[in-house]
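Read through the structure below, which is laid out as structure tokens, and then see the notes.
All chains are identified by letter, namely A, B, C and D, in their written order; residue positions are counted from 1 within each chain.
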């Protein structure tokens, strides 16, 4: 399984790269905010595809599950909850500084990517789940826990923000509706 | 078995409290002045002897000279039933609303307003309910669609009481209602808008309804057309429509 | 801290909506899924019956009453005929009175089958209880067809009696149906009453307090569900209901579920009444000969019956002519809707649909 | 016995594979296997959708004391074809105000996850199209895409009912993914693999996972109905409330695709249930007599029948009740489940016990599940049984003398309409 793999991986890489970058550009340029989020989802899926070409299947699945499945949905929610007038991806006055910052970040990342001596997986396509699990619970246990504490804090904050005031309470709907 | 309280008894009870309210009484009902109806209703509802907590029925009756609003009310606790009526002139035809007394009057008063044109003062949302806003006139009035020659509109074939020398009913090419809606009703009519009582014409009554093409710029005579009051409709195409005579 | 709020928006529930039971529309203003304002829009099925009836003779008006509540045509007929008989002072033969009771109660079972079946549908069931209930409704309609030739718009009752006597094959059919019916009702109850999802959907939803119910002129199962033991058949017995033994079912809480179980139990009581009426059914004529153009003396009459939907009243005014001077229907579906707005405001769409279903409206009767 | 069965088992493909492996380059073998496998799955899914239309309508008919379709062909078997022809003929309407670029996408997008799900199933011992190591995670990731397609459908229709349906489905899918992930953790912990084929193999060596993780079975069964939008959780297309939910504006074959996807997804969910908890192709050695893939399909249809049964029986939850069920009932139960299974696995591995320990584990887990479910159920439903579910019977009319409710006094007169 050598010939096809190499060619296919190269083809897949380029397809995914074009999809990812193309849809990322569309996110910045389309006018409808919902369309922008949908392109963002496409970009996420493209990134997941790139992960697969890097034989990081676990990360790819999690990318789809978390980013395409959950985070983008949260974005859709927040867009739907904003008034229609604010639902516009039109140009803002900060476009030039934002673009320059984005280019700067891209340059730094590309430099970092090119200059790093990457370790390659030598034995082709293997499962990464076990390694990731070990890494999370062994050397990176502390950052992992800190991240979860951060998430809990964020969740509590969100609940406090959306908690209904007392005058709105006492409606016949159950508590689940007010999540 | 429900005991029916006679009109005389009811009138006596009302008179004991409101000496001037009762206009008329008979075996069935007591008629009160329209302006007193809310007090009387409140009294009948809260008086423990009458205890008329339940409004069975409310409807308007058009007696051509005046309107009557009929309230069939009952006490569930005592299982009694009585009939109260309020009388008002046809013009302007205003009766105070009993919605604050019985909430059940809400929709029934709206119905009476819509179909009979009795306006209930103090009703929370007195709007048309069955007919659309802008419907010309109030169709349950007896003079709605008054036809030439003293006919009552249509449908009087049973029991074959035609005038002398006539064996069939004159068929109108279009229904008067359609004529009115299409703005052709008064092309040959002698419009006498002020001659008869009825609903004063408002702009809204001939406001073109969605779906019916009505020319916007109306003639003056048409402007004066009364909602629901077609005084004269001459049969123009009698011959052409003979085939359609039932 | 400012509260996060979404802007309210208007959703038209109806006139073409699976759960409005006809062309009935509620303009609901929603905040999220919660209804903050509701406005009923009626009249899509208005046929101007009250006006038309003024131009037809008393007998010619009977078919209108079929087409009011087309799911309970028999009771519509009955209420109107009783009103005319009261107005004209007509005595009805005893056999006709029993037949009227039998058919009115059969109609009540059929109508409640429909009401309860569609109520469970409104709660989201996939038609199953409705189909079970339709099985028995179908047999009742067969009985109607056997007797008067029509299933839905029966036009069976006549002023002064009923139009036809029942055929011979009616008795075995109705007897076997009545023998089965208690089991069938137990089957419906087994399907629905102990279902926690149905309880969760209907318990404590659309609660109607008894004093509000009386003040809002609520009738029928809506009133009884609120715990008021009031039934026109007991309070003001017409026909031969005073000779029948039956109970009035009442609810405890006044919510949608109470209305549902009250209808369930009423079916059982109707079976009881029909069984008694069949036992007592005397022989004799089924109607009295009356002139074709009946001219009641001038006057007015208000007659009421307990239709499946509630108190169905007819207010007739005669001026001595062959046609009624005023023909007014106190239709229970229409007046029961008075409470709808207060009931649904504050609920979610799903609960509002359940509340509407529990009132059991019939648009033919609302719009007339 | 075995030679008799060869012609309808997939052994010829097996032989072909080995023959190709010897004679041509490996990527050709890879390609041929992929094409044959995909074609097989497409055939199964296409036929399955047609069969399911018929099966669902017939079975619901039987549940509802009626016959179901029985006119077109023997037993109405050709009915789905007739339905499809009807749907294709119908005009495909598109609302003027719809977002036309997005409007046409969802019927296509929803097909992708439905099809992809079947790729990781183990149809027979050697019959797996893609034996992914993160197979279980793959199933979860795939299923989250459906929600997006449905959201696009509801949004682009520019219809309030559709949008309500879309919002509901999004809220529901995010909520139900959480207990679903949690309930998949338990079998994965126990078997030590995330591959679907690996899980089936583990069950072949030990016993059905359903016996060891009964709680997961229950939770997945409930979450699956929510993910599928089927009764009792069909709030996204709740007919009696929001007309048809997200596909209100879709007509003709576009609606037909949504309908087909619902049926295919039902099969997929049944397949997951069968593979993960009920042994997949393995059935106590019966798979040696009957081809394993037939056993797997039979198991799929067994669970599909359960879904039909639920649909024919239960009313629908309200949206907030459904969310409450996910967060307040299923999530705690799933967490307890994971904790219990993790402890058991830890004991099993640390104490280095043999396979015999699974038997007491099964007993403990089943008992624990039963107890927990009963307790939770009692707590949740106590509110409904506060009042009896039967009426009070009264002999005669009986009206309490209630004071009239406080009306808003006499309102000031409102201006009358002219």
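Here is the rule we use: contacts are C-beta pairs under 8 Å (C-beta built on N, C-alpha and C of every residue); 3 or more make two chains touch, one makes a residue touch a chain.
Predicted, not measured: the structure shown is a model, and the values here were computed from it.
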item: Chains most often in contact, by C-beta pairs; value: C-D
item: Most distant chain from chain D, judged by the mean position of its C-alpha atoms; value: B
item: Cα-centroid distance, chain A relative to chain C, in whole angstrom; value: 58
item: Interchain centroid distance [CA atoms averaged], chain B/chain C, Å; value: 27
item: Chain centre separation in whole Å, for chain B relative to chain A (CA means); value: 68
item: Centroid distance [mean C-alpha coordinates] between chain D and chain C, Å; value: 41
item: Contacts with 2+ other chains: residues of chain D; value: 318-321, 397, 399-400, 402, 404-405, 407
item: Interface hub residues of chain B, defined as touching at least two other chains; value: 53, 76, 79, 103
item: Multi-partner residues of chain C (at least 2 other chains); value: 33, 204, 212, 214-215, 228, 230, 235, 348, 351
item: Complex contact set, residues of chain D against chain A; value: 25-27, 30-31, 99, 101-102, 132-134, 137-138, 140-142, 144-145, 147-148, 151-152, 155, 163, 167, 170-171, 173-174, 177, 194, 318-324, 327-328
item: Touching residues (chain side chain B, partner chain C) in the complex; value: 1-2, 28-29, 53-57, 59, 61-62, 70, 72, 76, 79, 81, 83, 102-108, 111, 115, 128-132, 139-140, 144, 152-156, 158-159
item: Partner chain C, residues of chain D touching it in the complex; value: 60, 63-66, 160-161, 164, 231-232, 234-235, 238-243, 311-321, 380-381, 383-385, 387-400, 402-405, 407
item: Touching residues (chain side chain C, partner chain D) in the complex; value: 9, 11, 17-19, 33, 120-128, 131-132, 135, 193-201, 203-204, 209-212, 214-215, 227-231, 234-235, 247-253, 257-258, 261-262, 264-265, 348-351, 353, 357
item: List of chain C residues in touch with chain B within their complex; value: 42-43, 46, 48, 50-52, 55-57, 60, 212, 214-218, 228, 230, 235-237, 242, 292-293, 299-300, 302, 304, 311, 313, 315, 317, 322, 325-326, 328, 330, 334-335, 337-338, 367
